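Take a look at the structures below.
First chain A sits with chain B, and in the next complex the same chain sits with chain C.
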Partner chain A sequence: MTETALELPRRRSLPRLRGRVGREAGVGLGLLAVLGLLAVLAPVLAPHSPEAIDQHRVLGGLTWAHPFGSDALGRDVLSRVLFAFRASLSISLGAVAIALAVGIPIGVAAGYFGRALDAVLMRPIDLLLAFPALLLALSLIAITGPGQLVTMFAIAAIYLPILARVVRSSTLAVASEAYVEGARARGASHLRTIVQHVVPNAIGPALVQASVLCGFALQIEAALAFIGLGAQPPTPSLGLMLFDGYQVLEQAPWADVFPGLAIAITVVAFNLVGDGLRARLDPRGITR
Partner chain B sequence: MTPLLRFRSVSVRFGDVSAVDDVSLELSEGELLGLVGESGCGKTTLALATMGLLPSSATVEGAIDFRGQDLLALSEDERRRLRGDRISMVFQDPAAALDPAFSIGDQVAETIRAHRPVGRREAKARALSLLREVGIADAERRYRDAPHRLSGGMQQRVVIATALANEPSLLIADEPTTALDATIQAQILDLIRDLRRRHGTTVLLIAHDLGVVARLCRRAAVLYAGQLVETAPVERIFEAPAHPYTRALLAALPDRSRPRGALAAAAGQVPDLAAPPPGCRFAPRCPLVRDECVRRPLRTAVSSGHDVACWAAAPAASTAAGEIVAATNGGR
Partner chain C sequence: MSPRGRYALRRVALAVPTLLAMTIFVFLIIRLVPGDPVRTMLGFRATPENVATIRHDLRLDESWPAQYGAWLGGLVRGDLGEDYISHASVSGLLGQRLPVTLELTLFSLALALLVGVPLGVVAATGGRASRWLTATFTIGGISIPDFWLGTLLVLVFAAKLGWLPPTGYASLFHHPVENLRYMTLPVVTLAIGEAAYILRTTRASMQETLGRPFVTFLRARGLRERSVVYRHALRTASLPIVTVVGIQFGVLLGGAIVIETVFGLPGVGKLVVTAINQRNYTVVQGSVLVIAALFIVVNLVTDLLYGWLDPRVEARLGR
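Presenting the complex of A and B:
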């Protein structure tokens, strides 16, 4: 009488996020895990103090004691890269987290309720989107003065409109799904429907975007520090190190190469993870 | 006895489009009524109006009494508390009606917890017994399965389980078998019939297929372009259809005695609902059209429990008879 459903290996809970990740995403995830560990353990791993000046080691080359060499003030580049990376990564992740925390509710509310609320919420977002990213960051910093915290909020302000837009459009698609109407037909309130059914299904593209943006956030942070509007010396910062190393590029390329490599590797790792997530969550490749 | 559900001159408009026009209809307690009509005739609109799930662009007039209480007069929160509890709905496409991100068991349990102050464990136990009742084999193991791991028929069983979770008085089944294979259709219809018998649930079955209605229902109502044209016991619909549209609908049923490929179809097209013809909306296609048809025909009884809204079917003293029917048709 009853149909017997096909027996297949079974999965538990949140089926769409589970399963095999692609090889690239695996490499990206592995890289991120290592990088995250390096950032967290920086104080333990760093062989020297990042601020210890050694006059005998000014622009010193690569040795066992100083594997990445020393900079113009004789500071250990490896230790500085570790600490700078730790600071830069926290700023990037913090910025993306803020942008997600503000952007998701705005995008979901605008997409789900539509009409007047959509207009009220999205017009200011469009206004933010109209500014060139760096100009937006620069004007914020011009108001408050440079610093790491400001850098974080400036990057969040750049990303907020992007993420809100992405969430809004995927929410629009999900909100018209029959299972959302079905949830309402079972007596779920709007809030419950949103939390239980809309957000879990609409959040995928935003997470993909966010993972790629994490990498770019690191670049923006470095760029702001490079032009002197981000972290201020003597705080170790990848952007500041690039600037300092740039002055002595011909005599001691290692003072520039290693912080640059740290940025490059992190951006690649985030991009790989983003691509993997995209393939996983959106097999048709709609979000580009 | 007051009917469980009573549409009193219900009209629904979307801007200029008149989707449902002056529909009056009753469902008595425990009845299984079939609402038949082609796509776009207002069946689903009527269902959504009953649920209170029409988009805000719709305006609803008239009254929908549920146990004597006009649903349209209730606040949004009061309506929400009825939905999924006293009144529930089964949708056409079960694959779309289940959230792909949640296990089937959780979706049944969620419906219970939305209306009953029960704990997680109790809701789960109840959800399990519901899944068993609708015929999900090995419910314990299936409980945590994602919807896409089930076949269409199984998915529709889960949707029915969510709809029955709180023992509703009224179940609206909107084309519950349209998206399913023919062999599975019969199983789902049998399931609905069994469940209704066991729980005494009143069912409004919406279908475009007269065969589905004939299989399940005692009484059927025929809707054309938003107007109710005929209400009758199912066998009367088949044996003695009184409305020209019902006759056209029956003539369009595939018939094995006719040569292959020769499917009958009513001449003409469904009217533009933004500018419907005055009076009877079937008039432009009707073989029996006459001068009176520009006025709205009254509902006339042609026999016991068999009402039709047609000038051609009305006896000479139609007006008076029609009024009496309109006034007393709560009787069935």
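Presenting the complex of A and C:
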């Protein structure tokens, strides 16, 4: 048997992103680029130190020097939002990265090999899904105690089963394709087949899901910090800012409104990107 | 037995191993606490005698299988142990607090359905203006963190307008009117995000259904458009809505944990948050178990409802 007889068209190595992504996704990508820059450049952009206490500006309103006003300790809200956003975004991206790093191998293995391995891998995953998401996070925090790093792993634990399920579904669909069979027939090992043919073609829906989840991670992080079980002061966190802002809501609504807006805008941006990517990366509609 | 009965039975039987696995998970929470959970619970001032007593009460001096067996036995009798701070029984505490959480989540769900489904139909059938308005509502409802929305509603309706109390609670049975005043803001807060998801699902499902041949047929037969949309298409389109409601109930329960803390509602959510902060592990275990079990039951009901709405599911799985 010769190689050429079974030569199949080369599969693309990565999901293609070229071409039109649609207007909404374009807006989302633009927003994300700006938000990313704000997060990365926070130390440069912040007009004041986020910790600097100014007793003359306690609950001070919006001015040119302090466009977002000041909080209950006279700290500059804009600078604090920038630093908190940077911290919260890192946690959310970290959580999604962990969930992808663990979820993709589990989902691919379960979907590709099926049978016993599928059952062994997916039963625990299904059990995790049987928990209300936030409760799962709280259970972990109950064990370890609150903190920023724990928050990241807790969010990853919520996302892991979701992403593993998505990857498993798309792997199931891809594994029955002719090019996978062809690769095996040509003598490619399972590992080679998975890395070269299954993963590149099955990963699209997971990326779509992951981009949407990135936004929601910000909401979870903030919620955990708000109820006192996430980041602890003085760590910068949008949730902690919202908690402080809630205490002075009537006198200084800006201390509450701007951190909340930062979360909402980021969620919108990630959702727009996710919707835009879905058209290109998830033709089967697995994440819908 | 009828396919319907078999389907229901099979589905109920499937929930049992999930519940059992859940108890193992919850049982492990306290055992996985690094160091000595009893010392962590009692703090530095605890005398060695105190520590020994509680360790014995919690059976931490026995082997894990023995501990689990005893704990599960208690669970079956409705005994979830004792709150080591107030010395109340954990099942008693949960019995007081579960109705609050149930009221909050079920009222929110009902309100979300009342708002989300009609708006979803309008979004699928209406003109440009209604499409734009519903899209805005969806984006807002999904992207705005619910607890932040809650604080903003408190600012407007409690602080500025003074129409509703900002926090607090009155029993539904003893003071129904007061109860509704206290529950309005939390329920609305939770319902808005939920309504956005229901709207989105209803819209997609209705758009798909309205393109099917049977709808064209009904229209061709001369049925009024209102009847085609609401009586025929909506029933067919309701399956994905039921699925989403089932999944979203978990989100709703999670949201309730945070919202109860914001509004000072004495529900299971507030109980678990306080218990985690106080390292009151028996209470943590009890509340996690109750919320998780509630979610399993809701998923079970969703699946049964699904079979009832779509007899094909029962026929296929009930064989």
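Assume the second predicted complex is superposed on the first by the 267 of 288 C-alpha atoms of A that agree within 3 Å, B and C clash if a C-alpha of one lies under 4 Å from a C-alpha of the other, contacts with A are read in each partner's own complex, and residues count from 1 in each chain.
Everything below uses one rule, namely that a contact is a pair of C-beta atoms (placed from the backbone, for glycine too) under 8 Å apart; a residue touches a chain by one contact, two chains touch by 3 or more.
For clarity, every value in this text was computed on a predicted model and none was experimentally measured.
Asker: For A:Q196, is the partner it touches chain B (first), chain C (second), both, or none of the two (neither)?
Answerer: first
Asker: In the overlay, answer first, second, both or neither for which of chain B and chain C A:A97 touches.
Answerer: neither
Asker: Between chain B (first) and chain C (second), which does A:A185 come into contact with in this model arrangement: first, second, both, or neither?
Answerer: After superposing on A, A:A185 lies in contact with chain B but is clear of chain C.
Asker: Of the partners chain B and chain C, which touch A:A133 in the superposed model: first, second, both, neither?
Answerer: A:A133 sits against chain C, while chain B stays out of touch.
Asker: Given the touch rule stated above, what does A:Q219 touch, chain B (first), chain C (second), both, or neither?
Answerer: Only chain C is touched by A:Q219; chain B is not.
Asker: After lining up the shared chain so the two structures overlap, which partner does A:I141 touch, if you call chain B first and chain C second: first, second, both or neither?
Answerer: second
Asker: After superposition on the shared chain, which partner residues are touched by A:V248: those of chain B (first), chain C (second), both, or neither?
Answerer: Neither chain B nor chain C is touched by A:V248.
Asker: Could you pull out which residues of chain A sit against chain B in one structure and against chain C in the other?
Answerer: The overlap between the chain B and chain C interfaces on chain A is empty, containing no residue.
Asker: In their complex, what parts of chain B are in touch with chain A?
Answerer: The contact residues of chain B facing chain A are 51, 53, 56, 80-85, 88-89, 91-93, 96-103, 110-111, 114-115, 135-137, 141-142, 144-146, 148-151, 153-154, 159, 162-163, 165, 184, 187.
Asker: Would you pull the chain C residues touching chain A in the complex into a rising list?
Answerer: Interface residues on the chain C side: 18, 21-22, 25-26, 29, 32-34, 139-140, 142-148, 151-152, 154-155, 159-160, 204, 249-251, 253-255, 257-258, 261-262, 272-273, 275-277, 281, 284, 288, 291-292, 295-296, 299.
Asker: Considering only the defined contacts, which chain A positions touch chain B in the complex?
Answerer: Result: residues 1-6, 8, 10-16, 115, 177-179, 181-189, 192, 196-197, 200-201 of chain A touch chain B.
Asker: What residues on chain A touch chain C, complex-wise?
Answerer: Listed in rising order, the residues of chain A that touch chain C are 126-127, 130-135, 138-139, 141-144, 146, 215, 219, 222-223, 226-229, 242, 245-246, 249-250, 253, 256-257, 260, 263-265, 267-268, 271, 288.
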